Structure formats: C-alpha cells, structure tokens
Amino acid sequence: MLRLDGFEGPLDLLLEMARGQKVDLARISVLSLVEQYLAAVAEARRVRLELAADWLVMAAWLTWLKSRLLLPADPQTEEEGEEASDLLQARLLELARVGAAASWLSARPLLGQDVFARGAPEDLREIDRSGLSVDLAQLLSGYMTACRRAVRKRAYHPRAERFWTVADALERLSRLLGEIPPGWQSLDQFLPQDAERPEGRPGHQKRAALAGTLLAGLEMARTGRLELRQDWEFGPILLRRSDEVMRLEAAE
Amino acid sequence: MTGVVAAEEQAREAAALVCRLVEAAVFASSEPVSEQVLVELLLGQKLLGPDAGPLDAVSAVRDALASLAQACGDRGIRLVEVAGGWQFRTAPDLAPMLTKVLQRPRRLSRVAMETLAIVAYHQPCTRTDIETIRGVSLSQQTLDALLESGLIVPKGRKEVPGRPTLWGTSQAFLKHFGLRDLRELPRREELLVEVPVLDDGTANDPRSVEALPADALPG
Amino acid sequence: MTGVVAAEEQAREAAALVCRLVEAAVFASSEPVSEQVLVELLLGQKLLGPDAGPLDAVSAVRDALASLAQACGDRGIRLVEVAGGWQFRTAPDLAPMLTKVLQRPRRLSRVAMETLAIVAYHQPCTRTDIETIRGVSLSQQTLDALLESGLIVPKGRKEVPGRPTLWGTSQAFLKHFGLRDLRELPRREELLVEVPVLDDGTANDPRSVEALPADALPG
C-alpha cells in the first residue's frame, strides 16, 4: 500500500510515481500514471475516509483526463486529452527541476555550514565627532522654548506700586537743607510735588511721601543735621536746621 | 640601465604593497568586499604613483586578488568571489572538524529549500506562484523561516487584486550559497541532466513554466 | 627504509593538516582561540594518530601557530596573541590606510541649545541670568559642553558681589550658525510675545550696538 503521508501534496506523489516508470519524464505514460494515482487515492480513502481536498481535486481532474484519453477517437476530446497530458508532464518536469535546484543549492558549500567567514571582523572605521551639527532654526526654537517655559512657570504677580521712599526723601531733604529758611518750618513744605511722586493712587502716595519724609527727617535729626518738634498730638510737625541754633547762639 | 632596474624594483614593491593591502582589506571585513571598494582604496592611498588612473588600479586589484587566491591554494582559508565581492572563507574540507569549535545554525528543511529554489528561479514571484508550482499550499512557518534567515526579501507587489507581495532572493542568499550572482545558478535546462534517462536520452523538455497557464491545473 | 620514509611523509601531511585547521579555526572564531581549545580539537579529531597524547598535541599546536605566524611575515595580516588566545589582525602598518574616518558631527543637547540661545540674546550675561530665564539651575556639564564647543566665551566680569563671569557668543558661534553678525539674529519681539527681562531690568538686547561684542560688528 502506498502511503500519502510522506508526500508534499499530489504533485509530489505523481512525480514519484512518474520516476517509478524509469523513463525520461517527457516520455512517461500519462494513462498509467493516472491509474496509479487514482488507485493510491482510492486505497487511502478506504483506510482513512478523510483526505485533504488537494488530493481529491487532483483525483477528479485526473479522472476527467483518463476519460479523455480512453474515449473513442473524437478530434475534440483527443485534443483536450493531449493538452491536459502535456500540461501534467510540464508541471511534473517543473517540480523535478525545483527538486534538482534545491539539491544543487544544498550541495553548495554553505556559509555557516561548510565554510566560515571571518569570525572576528575588524572594524576599521573611525568616527570623528569633533564637528558640530547645529542650525539657526534649532537655536531660535531653543530660545523660544526656554522663554515660553519660563513665562509659564512664573506665577502672576500684580505690579507692585512704587512709593516715595525714605531714600527718596532723604535725598530730597539733604538737597533742600541749604535752602531751608531760618526758623521752624512745616514738614509739609518738604513733601515732593505731585509730579515728582511715583504714579499711583494719590491718597496713598501722599501718605507714603509724608511718612517717608518724616522718617528721613528723624534720620537726619539722629545724625544732628535737623531738629524736629511737634507741639501736640496730631499737630503740625516742624523742622529747622541744626546749624541755625548755632547761628542764633553766635548772634546772641 | 640602472634606472630601468630601479623602476622595475619600485613597481615590484608597489605590487607587493597593493597585495598586502588588498589582503588586509578583504580579511578585515566580515562581508564580501567589492573590487570597486578596493580600487577606490588604492586610488585614495595613491599607492600606484601619481600618474595611475582608475584602469591601472583595476588591473592592480585584479592582479592582487589573483595572486592572493593562488597563495591560498593549500591553506586553511580560501579567497572566493561571492555576492559581488571577495571574501576569505575556510576551506570546505575542514568543516566537519571546525564545527567542533564553531556553532552551526540549523539547516533549512527540504520544503524551505524547494521554496527557496522556486523563488530563485521564478523571482519575483508570489506565494500563489510557489504554491502552484509545488502543487500544495505553503505553510506560514516555511515562509517565516526563509524570511528570518534573510534569504528572501519582498520585491514590491504584484498589480493584481489583493496586491500580493512579490518575493525574490537577497544578497544574503548569494553569500549563503557562495554565489557570485544569480547567473551562477545552473540554467533550467541543465537542472534535469542528472535525472535517470533510460532510453535514447533526448531528454529535458525545454518548455518553460512561464508558458504554463497556472490555473489550468488543480493545485 | 621505505617504512621510515612513509612514516615521515605521513607526519608531514598531519602537520600540514594541523596547520590548515588551526588557521581556519582562528580565522573563523569570533573570540581569540586558546591553545587549550586547539589542543582539544586535535585530540578529539585524532589528527595525530592513535598514539598521540596531550603533549604531542600541545607541541603540534605550537608548531602550527609558529609556522602560521611566520607565514604571515610579509603578508597583510598578522597572527597575534591577545588576551586568552590567538587572533588574526590587520598588519599595523596597513591599518591607517584602511581606516575610514566617518564624520559624525555632534548635536547640542536641548538644554545646551537653549542656554546658547539665551547667551546669544542676552549677552553679556551671567550664569545666574541664564538660570533666571530658564527657571532651572544650569549644570556645569552643560556650560562645559558649550565652552568646549567654543560657541561661548567669557566677556569679563560683572561688578557685583562675587564678580561672576559674563558670557557671550564667540566668532565660532557666528560661523556655525551662518551669521555675519549678531544683528542678523531675528529680533526677540519677532519671536516672542513676552520677552524675558533680567532681574536688574536690563534686557541686554544684543542688537543694540553697545552690547555687541566688538568682533561681531560688521567691518
């Protein structure tokens, strides 16, 4: 009994059967090949009902071919039969060639099987990384990214209001020191003009200017350049130059 | 007279240096080295004197390769021409002994080898073409094994419904089988010469498979 | 007498085969091959006859290595002993000719590029200025990379406590970015809605001539 398991499909079996005829593949008897195949398939089905469709389709086609080869001479069926026989032979030949080509390839000295290349190739490339690959687009996008990130990070702070500071007042008072007329003068006289003060809400600015000027006056009094007096609570603050005292004493 | 002798001496020295350089260049590489690369190397290094042109370099390279191949004659390694270049390889007769110290990859299965043979001869071809010729469907496993080995590569798609991938053999195929190029494969007509022919020997149907209507047969 | 000649002939042949095998094994191995491995190979293959012992194998291997090393004498390759075994290497005098120098220009890291951009737009500026604008501290590594590349240079010191170095861009900066001078940089207002201002309130616009390094001026 011929087993089908060892064959790679119907054509493979047919090729093996054709080779069994021990003639040139171009001269095989197609009819006996067909009969051999059909018998083998019938046997296989007797043993095992299920058979891959490939085998059955081939069997059906070969049955048709057999009928064309056996029918009494009719020019048309005869021609059909001959064509189909030729086709079958050509395919068997091609499959035989494939097998021969595979054997030829297998017989080559195969790399990694029969011959080996250099196991430790030397890498004689040297990589020069001294160059620099930069362009203006990268630079500008780097700048924009950095700045945008910084802006995103910065929390919102309302603009701080600037006030007439002690330092401002000190500077102003020192400048005006020489111009202070003799006698007690009101501190109010030494406040900055509206235009000189920083912008902002006028009431706040005025109070800040007064406070700054008072502190500046106290500072100058501490260093002995001015004298300050206030005669009653919330009364006007008066100032006079210290050297005026000396001047008056000298005059007495 | 002395000038002639000196010039000859100089030419001999240059040839020896070229020979050593070509040997080293081919030896250092794990891949076949093309003549083109060697020619450029000689020209770049100006080893042939200032007047030498590309043609001089080509013939110097060929001389060097020939003399190297000859020098390998009875040694453990051979200089072979493969996949469009030159490569040193171990002598085939040493393989059984070498495999004791070297690892060997798995051989291809018979099905994979036949499939590869079909791709080699019918490239570019589709999976259906392969199945038609073998008369049986091709398992994904076989195709995967061939793809993984890098022996076949996709070569575009066939402009038919479904646009199936067309397969062809790769450079690795040539290297693996030690072929200079695809023309080194036996011609189709030569393949069946070995098939036993009992009668007169007018064998070998020259019809090509291309002439076969693929769908005329079940498969 | 004939027996002696035959035995000598056999020994010579064995030595030649050992030589070829050692050459092929060293050639095909990816690692240096130790004498130990070669000795085991010879013993396993029984190349030295049935009576040969380990000592015979050792001396056969050493002879083979010596004769291979000698054969390489005037060739393009050398048999060298490296850590743990033997390996073929390109002859030292040829290596420079075979070495291909590949230009792989470095790219600046993102951080370095941002830093450079800030220096370009806010020069001369201190490290603290850069940190203020970027909102994160600047690693010494980044500053070193920029200094090494020659794209930024010190431009004096800022007269504040600690006298920190002021940084500015160099001539090389202009060359690398294809600028004739710093005024060719797009104005900050063209790039950004909100232009960062340094703590001291100065914007250090490099486009104002006062802030331009002298060498950036068109001349």
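A, B and C label the chains in the order they appear, each numbered from 1.
The definition used in the following text is that a contact is a pair of C-beta atoms (placed from the backbone, for glycine too) under 8 Å apart; a residue touches a chain by one contact, two chains touch by 3 or more.
Owing to the predicted nature of the structure, the values given are computational and were not obtained by experimental measurement.
Participant: Viewed as a graph of touching chains, is the assembly arranged as a line, ring, star, complete set, or other?
Facilitator: The chain contacts form a complete graph, every chain touching every other.
Participant: Is the C-beta contact count larger for A-B or for A-C?
Facilitator: Here the pair linked by more C-beta pairs in contact is A-B.
Participant: Of the chains shown, whose Cα mean is nearest the mean of all protein Cα atoms?
Facilitator: C
Participant: With centres defined as the mean of C-alpha atoms, identify the chain lying farthest from chain C.
Facilitator: Using the mean of the C-alpha atoms as each chain's centre, the farthest one from chain C is B.
Participant: As a quick test, compute the distance in whole Å between the mean CA positions of chain B and chain C.
Facilitator: Centre separation, chain B to chain C: 34 Å.
Participant: Chain A to chain B: how many Å between their CA centres?
Facilitator: 40
Participant: For chain A and chain C, let me know how many angstrom lie between their CA-based centres, rounded off.
Facilitator: Using C-alpha averages as centres, the distance is 27 Å.
Participant: Could you list which residues of chain B touch at least two other chains?
Facilitator: 27-28, 88, 90-91, 98, 102, in rising order.
Participant: Going by the touch rule set out above, which residues of chain A reach two or more other chains?
Facilitator: 116-119, 122, 124
Participant: Which positions of chain C touch chain A when the two form their complex?
Facilitator: 24, 27-32, 87-90, 95, 98-108, 110, 113-118, 120-121, 133-135, 149, 151, 176-179, 186, 191-192, 194-196
Participant: Once bound in the complex, which stretches of chain A touch chain B?
Facilitator: Touch list, chain A to chain B: 8-12, 19, 22-27, 54, 57-58, 60-61, 87-91, 93-102, 104-106, 108-119, 121-122, 124.
Participant: Tell me, which parts of chain A touch chain C in their complex?
Facilitator: 116-120, 122, 124-136, 138-140, 142-151, 153-154
Participant: Quick one: which bits of chain C touch chain B in the complex? Just the residue numbers, please.
Facilitator: Residue positions touching the partner: 16, 19-25, 27-29, 33, 37, 41, 44-45, 47, 74-77, 88, 90-91, 94-95, 97-98.
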